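Following: one structure in structure tokens, then a few remarks.
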């Protein structure tokens, strides 16, 4: 469904992503892992089109969307919960969710999605008329995730969705991901929480210094002590 | 020295963010503050650092009231902090970022300053190599360390850390544990730390306080996390609880 | 008392003009944080286009000229956004301010070079100056129009901003442009829309200004926009309701000091007005309409 | 500390360019060119004064020219010979029409008066942040202008005051400009300057690090106003006459454009801005006089200077939104560029 | 001996531009040269520098022009630019004539070399007062402003002084501010005066005066509004629209049939110049004064030209039939034309050499504060 072919991203002299090829099939959950500064966020931003791709092509549902605008991509069915949450701080929770649904023309679907996420994250219901900027960090994260699902996209890219969340909510998020997966949604998941991510993903990519170091079944990465310790610092030794 | 928060409350139109919470922290102690999202942890920290006024209650250091005096006087009074969303001075260099606080310390906290220098702080926090780089050019983890170094440049009696491990990979969190332990050894200051990384919290804290919906629901040694069913219910969820019970090595455990 | 009623009506229409312009400034400020000092030139462009159509095209029907003027203001406003302000959209506030100054200098001197430093006349319809007797006072058509147009424009704007997606998107784009795009909205269009609305308001104000002055000149926008700035800040910059309140308040202050100051110190009118404005700002830094709140470490 | 040595060197480096320009013009230029140089040097002083508050506190200041005006008028009224004062401002308050001071005493008093007024209004202005503060500075400008225009007994209203001994020669102006560069750089790099800049980036974080934001803003405001005031004194000593029109929006915009165009956060930016705008302005003015170039008479085009000034501002802001020099001093960015080869990105 | 250079420190752009005229000067220079120049065949040459309505730049421009060999300087219309230019000219004894200024005190600032081309404001205001009295007006309201300078404050008070000297009464003063769009508060105020004044005198500038008259007329305030030369501009007529029927003014000259001004305008129109307003005529007059002085002095030496100008007596001018500088400290004695607007056109109503003129320096105290 989403296909990247030798995509590179530069920020001036900094080569954040170097010739990365990656694909996400329909209905799959794909984990994208890597330490700080690996280039995960840059890659996702490039897919969305908010940072320019310096070379390579991006295809979505068979179409070349390398140079399509972010808004077009969202309307085609790509959703994103970005790094740093990026809620509209001067709008209320309700207004944030309303904007999240912009790409969904069907009113009924919008209403249904709204009801669903307000139920899943009751805190959003309680803070419904509050300015999003004054929410706590974790509340904002929940809002960001709900917002991107409001339009019922075909694929979502979640950039560290568990960041700053209490364990109980993290659990909820992974339950949600599992549920979304079951309902057929395609998911590209960026996580520091490698274990959780790999346990839910079908396939995984490991990124380091802008280059791919692993691609394959999630379970294989999970079982590779070497890779995990070396790149993710998992296990305590560095 | 003892920082004491007594029956402090804060309301934001309609929301009681903090409801009559009391806690304390002594010099040399590392205290954890945990709780679900929106529990009021950051709000409590904001009140201790005087970024917010308390609606009721008081905050004292050795009996001297330090609430509602504004962030500047709080800082001079010996309370330093970091922010959940990193707030560095983006266009200043790492050295200058630290110097901002250091200047305050030199003028107002000379006696507490001892042998602290900007260079030493940068060494200690592993940012010396970036000394002349702008804060905005650093990676996330490095920024966090600069922020802590800046807070320490105040030679504080109490250090407040708001989610220092957020966005760090596990290896980095482990390093942070050591570094925070070292702060205590070095300056003997008290530390209050908020975090959602349980292995981090359990490894650094002697005591923890658990907040929920603005109220204190539990406190005690880190084991309350495991032992108090209420905490488990509101905060941990099934899996985290299971992991805690089974041991701390997350990676290996869950791979079985 | 007839005199008092009459002066109140005068105040309303003067304030209405300030309010229109303050609103136009506030909407752009609230969307991209730009302090648009080139706004006066948008007014001037509206005027000069009307002049050109009259002088070259020979058209002197107000009902044709006026819509053309408003349209010109919309077009220039949107064009300026595209060519001048978009490149500095993410830059520090001072940069946008200077770009606006630059645009202002450029347009002003364009008129000086191409047309003249001196004023040029634009025909205005006689019916605008007609007087309507309303019992105790007489009101001119133009005053009536100005007050009602302001009221309608404000209501419409508030409706748009509060109720429609594009209004929400405008307010959202103010904080995070890319994120607006990432929820599937063409944010460039949103910002262009804000400038279009701003230009529309300037066009309306321009019509009233020109109807009163009868001529256009390169410097015509300066004073009204200076006042509009003060009005916008008085009401709380970025707050649209505030801009309107600020506009009327400033109008009232001016008229008040115009009337009560004895001739020996009447020349100090602007100093009195601005001292009072400063006092209000110091008393309520968030503006008359905004509320002061504590945010702690959170963002507004 | 070695930091202050570095900023001293930086200031010297920054001052080199205006000094070189001045020496060349003095050696080779005609009367008019020396005059242009003089005004350039005065603008340098004013723009550095503006930079001190605006560049460090990150608050746009539209009111700096106020202090140029106050000091200019104070110096004028004090130095005009009593015989002239008796005819043009016989009713001047405080018996000002009855005595005359030398240019140095008068200059010192004028700057002191301006700084005292800056202190009083500064207490109010520095309370505010962002656009509110900016509009307060604008209000200040309008109020000052209105007072100058109306206080006829003292200022002669909009009519020019004249008879001021023309004591500003180009060497004095050069010395003042260089001193301003060093002072501005020293303040910027001093611990207080750094704290003030920090508060401009994040007020919350700065206060939490113990920064006394209001006090520092006020300090920068008063010192900066003092430098601008010095510029105003020199301006009247150069011109020999003075009228309120010189201290209003045109001057405000021009000096502001110089600062922002060069880069408001650094002294190098201020200097480069003044140089570039002055040079651009003079080049345009040359074309405006319909010169003959390569045998072709360029047609006269009034308003060309303004047109191009606008164009240059818009273009350079679009291409270099942070100003020509950027946020750092020139020497700082050189240093950084040299070092960045060493420190690699993780 | 090449061309004799006249340097013009011109307000070509900026807010003073309507009150200066590079083209009027240039046209007259062309005419003089076409007629064979001066001193038996030498040509005049005009160099102009735009001072952009900026005082400091006026000084620079003066220096440039003197460096370029100017023997005479023409200056901008206000003293803030004239004085720096004059101070630079003074050591060279180069005479400085302001083309458009009517400010009586400015020549005193640079004594000995400074001249107005126009009459002083006191003379024009006195002429207007004399005319108004003749029309039978008994009470007058003064509209003043501090924003423009002596022109907008002193001129109305000169008028008031003369008007009262001639037996009329000033019934009040109202303030106006430069750039005002809406004069309704003042108009309502005047309409409520009881009894209403017979006339209004103001020194409005362009285009504020037009706006005021337009709005006054629309509000049914049918009182004549007097002004001076800033009103003498076709743009003012159009700005005033229907309100131009209220307009009366005292100006420098009127291009009536057979007048020197008409001839000058016609000649210049034929040469392709565009006559904007009466300052075009003053520009020509300034050149004529200099030509006259050079011929009289028989030299192009600045000091000699200066001397000759100061001794001019009863010279035939362009706007005025007789110009005298001798014994007048730089402010010429000229007659004033009174113009009225009828059906959107200016008409000559009278030509007056005022019998009584108030002293040149008003203290600018408000008229009614004297009691």
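Chains here go by letter, A, B, C, D and E, matching the order in which they are written, and residues are numbered from 1 within each.
We take it that contacts are C-beta pairs under 8 Å (C-beta built on N, C-alpha and C of every residue); 3 or more make two chains touch, one makes a residue touch a chain.
For reference, the UniProt names are A, B = ABC transporter ATP-binding protein; C, D = Branched-chain amino acid ABC transporter permease.
If you're wondering where the values come from, they're calculated on a predicted model, not measured in any experiment.
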**Study point:** Co-neighbours of subunit E and subunit D - touch as defined
**Key:** C
Practice item. Name whichever of A-B and C-D has more C-beta pairs touching across its two chains. Key: C-D
**Study point:** Longest centre-to-centre distance from subunit C, chain (CA-based)
**Key:** B
Review point. Cα centroid separation between subunit A and subunit D, in whole Å?
Key: 50
Study note, to complete from the structure: Distance in whole angstrom between the CA centres of subunit B and subunit D is 45
Practice item. Please work out the Cα centroid separation of subunit A and subunit E, and write it as a whole number of Å. Key: 74
Exercise for review: Would you mind pulling out the distance in Å between where the CA atoms of subunit B average out and where those of subunit C do?
Suggested key: 48
Exercise for review: Send over the residues of subunit C in touch with two or more other chains.
Suggested key: 109, 112, 117, 222, 267, 269-270, 297, 299
Check your understanding: Counting only residues that touch at least 2 other chains, which ones in subunit D make the list?
Key -> 146, 149-150, 204, 302-303, 305-306, 345-346
**Study point:** In subunit A, residues with contacts to at least two other chains
**Key:** 36-37, 134-135
Point to revise | Residue ranges of subunit C touching subunit A (in the complex, touch as defined) | key: 165, 168-169, 171-172, 174-176, 178-187, 295, 298-300
Exercise for review: Over in the complex, which subunit D residues touch subunit E? Could you list them?
Suggested key: 30-32, 35-36, 39, 87-88, 91, 146, 149-150, 152, 157-160, 162-163, 166, 235, 238-243, 245-246, 250, 285, 288-289, 302-303, 305-306
Revision key, fill the gap. Residue positions on subunit C within touch of subunit E in the complex are 3, 6-7, 10-11, 13-14, 17, 109, 112, 116-121, 124, 126, 129-131, 138, 140, 143, 208-209, 212-215, 217, 219, 222-224, 255, 258-259, 261, 263-264, 266-267, 269-270
**Study point:** Residue ranges of subunit C in contact with subunit D within the complex
**Key:** 29, 35, 84, 87-88, 90-95, 97-99, 101-110, 112-113, 117, 222, 226, 229-230, 233, 237, 265, 267-271, 274-275, 277-278, 281-282, 285, 287, 297
Exercise for review: Spell out the part of subunit B that touches subunit A in their complex, as residue ranges.
Suggested key: 12, 15, 34-39, 41-43, 84-85, 139-141, 163, 166-172, 174, 196, 198, 234-240, 249-252, 254-255
